[in-house]
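The same chain A turns up in both complexes below, where it pairs with chain B and then with chain C.
And then the complex of A and B:
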């Protein structure tokens, strides 16, 4: 840096230095954040904004002559759409069934494979493997299992149990639970892995002390293990609630939302409205409804569970 | 001796070198002026929207033959499953990433034309001399797919519906091949032994159920109307005949098969599940178009299957529903339209048209091919030709030109059909709903396209 000798030069140098310092202090962090902000703008804000925009439009690509601004028209239609309410009900049942069962079985499996026993490595590999299978492959496997000609039903009928030609996917209730089972098989490893990871950081001394004090297995689980796992369970549950709410791939390929809309969840209804009916305007309004519902659930959930705060 | 500061190469050499580099770079850009040849061919992409394990090898053989005869054109084949191609194509249209050529089904054309995605082929078709060589009725049917009457697909074949019979099952059970609807229902009953996993018929209760339903319903009733010169399921007033009392009775009789002469699992059966049941010998009869000939012949042997045409309806003549024309289309965004059209012409040519339709079990569009002896050797084809040649046969033309067709037939009616099979909805209520939707759609279409 050149040192200026006259008074004006000295003053100029001081002002420039303050400006540089200010920019560096305040501006550089924003500069460093800008790539993330740009990515969020492109992949989050813009798509979200588009959905809200199209939800106010009549937009059907195969009927362009009808397209145009309709305000809240799509939302008014939605309120009177029986299939919208039915799909919400199916979605709620689906999320509650899946998440509660995945959490329960995931926790049990994690506790089991956390114990030391012979073949634990193999047991862990077998338990975790469904998580590595793609959604489409999962449904292919389960479609074969449920196939009336070559699946479980056929072999049961050979033994005199049930009827030939029957399929769990053909009944309204049985199709729902058949899909729940398929997704359960895929989803349990997620909880198992997360909970098992958290269990590794549990203090062994606490367990020893509790044992010395005469606490049984159940007491140790309730008073030590569960509080330790609280935050990971809360977070994992929230993630699974969101993912299962938005689940489309398994239901689309396994049941297509049938039979007779018995397994049509809200996201599946959105997919059918947009893809088959080409009605992107109404599909967007359904998506906005799903967004609002999920946001409310997430905020309430985090508040009620006091995520991040100790018990 | 080189002086300090002087360039190491002469100015002239530098200019010549720069020019040579620039010229070679220009030659590397596609379409940048480099001559098309067998070592620098034109690339076109072809999407097949109905790919199956039996169909893909047929198309790939045709591509190889075409490339052999046209070494300056290379075709990249992409097979898409019929259950999910629509999303991919709509996305491609929206993002401007469409292929050059695509196979079409009738209800795709109006949707893609509405999105201004397809190239009209009238001029190319006429200037290629195809007007005199391709079946005029198939061309007319292809024109009817869109309200503007333009030709957006080059029709290379037609599909007619058939009732497929497993002759081995019939012979084993000592049941006569049916020739009337009463005999069909009796045969289904006689061939059903549910305790032995044998059923007389297989329903398509899942995706794609509508064409089968129309065939079995209108095939029995024969109730067909004519509206604006087109024989279909609208009467002279533009009202749908779907819920005509005779159709209701026909559908009720058809539905009575479910769960008794069919497996209950048929409720969700799509094309794959349906043909698998028929091919495995679990179901003795199946209703589907001639396009399943390859799959059926592969599973049971050509000599063991029979593809019979609809029986005479209550109204008298045979009512043929499920007739459709197939062909290839060019996307407007294609940068190689001439090469794309040359490829499509191969499907229209005598050589290509014969191979394509013989392997695919379709009625050929090329008039010369239609006279070839192999058509009389394939029983399903012979039966279909005889039916269409009979002047008394009535053809039910479906309103594929309606942009709501897929929305009504698939999104709306497929779940309702399953309710009918489950006994939760009557056939009448189902047909009333279908008729109302189609009548409304037709009225809107007439308003947009007054004649």
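And then the complex of A and C:
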């Protein structure tokens, strides 16, 4: 490395003992990284470890007289908790629906805005913009759309489609899909942006060669574009699975997990246990369960897709 | 991967020949028709999706500016009455100030610390470099909602509940890993020789960094800063958990309480939404071009 030829050569007139010199030279990167390391250790690693400790405690802020070590008690409660099991099912549906739809639309849109056409800059800006919007704001917007009295439903009923007073958030199934649509609106740009970035690094030569060989549009997509995008799609999908798994903001404010817990995902259950019922012990146990599930999914996914090979 | 010039020209020629041949044959006309159909399909689906992206924003805007009780679908006549109610009556003026404070300090802290770390990773060789990078990537799989309980406990023992400082710390901690990885990529893309030239001319490392590197790093710093700003502006769950006093609320928390008694005032709710949207949409519009280029430049690829 060229760094070894650095200014120490020029500074050699200043006399320093070998030890001080070594510390100076070796210590600099650690010194520069120390703020990051300290922040991470205090506010990420330590709290993360403490979850496992809390999960073995009876710890409810509003019922301090009951607090104390319970061993695996919380986990036994969890096994008999119907809401825990139903939240797992909802989480799976939610993640699969969101990620697959976002990937499909994100990929299509990335391919389209990668083409050259008039007004591309503006089209991109509009397409990307929902990405910057928070979960609470998404809820605000979509509640105004879904509201039975003033929302889209009213205007449709004015035209004779459907009936007045119907809200997609009222039924269990329709509430789930209404939430999926709102999150889809916000989530597609993530895939569009990442895939578009990768598309721009694809070499034009390959496409030209394929065109000369007479490969059609679909063939070119299947044999050139998709293999080129493979790694970024795998990475984006994985990040998104984790992200949607933990997406609490939107569901917490849009449906609150209802109706009848039809949209209560596991992390939402955790958030409600922590914020509303202040049962930190049980909440920590649910968190440990979520953590284990997420780790297993991540490892399996990386194994199955052989990510990183040939990078 | 560079092919030589000879190969290039022959391939170009071949394509040109092919184009000529196809254009003249009857098949060429069918090809052109196919092309028109492709264009139509492309523009059609693009237009539909652009409408899907834009209409929800328009819908909110409509509610925010039309007088209460109006059902018009065009924002005319316009009124600022809802903004006044929300800003002065409900306290969005205070929420907005809190959000700006938190987001700005988070931005400065995240970018500054990431700059130091990114420089260390890009310009020095040391034993813990690879493990450190791997650890940074691993943190991306530790989700916020799982940190609610333990972080609440941590901040309570530090006496930082109901203080905006706790939010700034949380935003920085969650924003740092990605910021450091991005910054590492940006700095690595700048040739070391530029810095070395400055050292030879008698600059210290710090001077060289300030004079040579900072100007070159501007796009990267702007990008990382924008991410940090948007993320902290949007942070909701921790703000909801840590802040219980109304004059400490940030915009998303204020908005969520309005959602609670939602049936009352749609215009006010929409106006609150517009207030929450404007800063991030502006920042995003400014950096979105850079976003694709920056990621494409290999910043995220190992």
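The definition used in the following text is that the second predicted complex is superposed on the first by the 272 of 311 C-alpha atoms of A that agree within 3 Å, B and C clash if a C-alpha of one lies under 4 Å from a C-alpha of the other, contacts with A are read in each partner's own complex, and residues count from 1 in each chain.
By definition in this document, a residue touches a chain if its C-beta (ideal position, glycine included) is under 8 Å from a C-beta of that chain, and two chains touch if they have at least 3 such contacts.
These numbers were taken from a predicted model, which means no experiment stands behind them.
**Student:** Putting chain B and chain C onto chain A via the overlay, clash or fit?
**Tutor:** With chain A aligned, chain B runs into chain C, so clash.
**Student:** Touch test for A:226: chain B only (first), chain C only (second), both, or neither?
**Tutor:** Neither: A:226 stays clear of chain B and chain C.
**Student:** May I ask you to decide whether A:96 touches chain B, chain C, both, or neither, giving the answer as first, second, both or neither?
**Tutor:** neither
**Student:** If we overlay the two complexes on their shared chain A, which of chain B and chain C does A:147 touch? Say first, second, both or neither.
**Tutor:** Touch status of A:147: both partners.
**Student:** So, does A:275 touch the first partner chain B, the second partner chain C, both, or neither?
**Tutor:** Both partners.
**Student:** Just to be sure I read the superposition right, which of the two partners does A:242 touch: chain B = first, chain C = second, or both, or neither?
**Tutor:** So A:242 only meets chain C here.
**Student:** Under the stated touch criterion, which partner chain does A:137 make contact with: chain B (first), chain C (second), both, or neither?
**Tutor:** In the superposition, A:137 touches chain C alone.
**Student:** Taking the superposition as given, does A:108 touch the first partner, chain B, the second, chain C, both, or neither?
**Tutor:** In the superposition, A:108 touches chain C alone.
**Student:** Counting residues of chain A in contact, which comes out ahead: chain B or chain C?
**Tutor:** The partner with more contacted residues on chain A is C.
**Student:** Could you tell me if A:300 is touching chain B, chain C, both of them or neither one (first, second, both, neither)?
**Tutor:** neither
**Student:** Overlap the chain B and chain C contact sets on chain A and report the shared residues.
**Tutor:** Touching chain B in the first complex and chain C in the second, residues 147, 154, 275 of chain A appear in both lists.
**Student:** What residues on chain C touch chain A, complex-wise?
**Tutor:** The touching residues are 1, 3, 11, 14-15, 18, 38, 42-43, 45-46, 49-50, 52-54, 56-57, 59-60, 63, 71, 73, 113-114, 116-117, 119-121, 123-126, 128-129, 132, 135, 139-154, 169-170, 172-173, 176-177, 180, 192-193, 196, 199-200, 202, 204-205, 230, 233-237, 240-241, 252, 255-256, 259, 262, 266, 269-270, 272-273, 276-277, 280-281, 283-285, 288-289, 291-293, 295-296, 298, 301-302.
**Student:** In the complex formed with chain A, which residues of chain B make contact?
**Tutor:** Touching chain A: residues 86-87, 90, 93-94, 110-111, 114-115, 194-197, 199, 205-207, 262-268, 273, 276-277, 280, 282, 403-404, 406-407, 410-411, 414-416, 418-419, 422, 424, 448 of chain B.
**Student:** Quick check: in the complex, which residue numbers of chain A touch chain B?
**Tutor:** It is residues 60-65, 147-149, 153-154, 157, 163-167, 169-170, 172, 175, 255-261, 264, 272-273, 275-279 of chain A that touch chain B.
**Student:** Residues of chain A touching chain C in their complex?
**Tutor:** Residues of chain A touching chain C: 1-3, 5-7, 10, 26, 28-30, 32-33, 35-36, 39-40, 42-44, 46-48, 50-51, 54, 105, 108-109, 112-113, 115, 117, 121, 123-137, 139-145, 147, 150, 154-155, 185, 189, 193-194, 196-198, 200-201, 203, 205, 208-209, 211-212, 217, 239, 242-243, 245-246, 248-249, 252-253, 267, 270-271, 274-275, 280, 283-284, 287, 290-291, 294-295, 298, 311.
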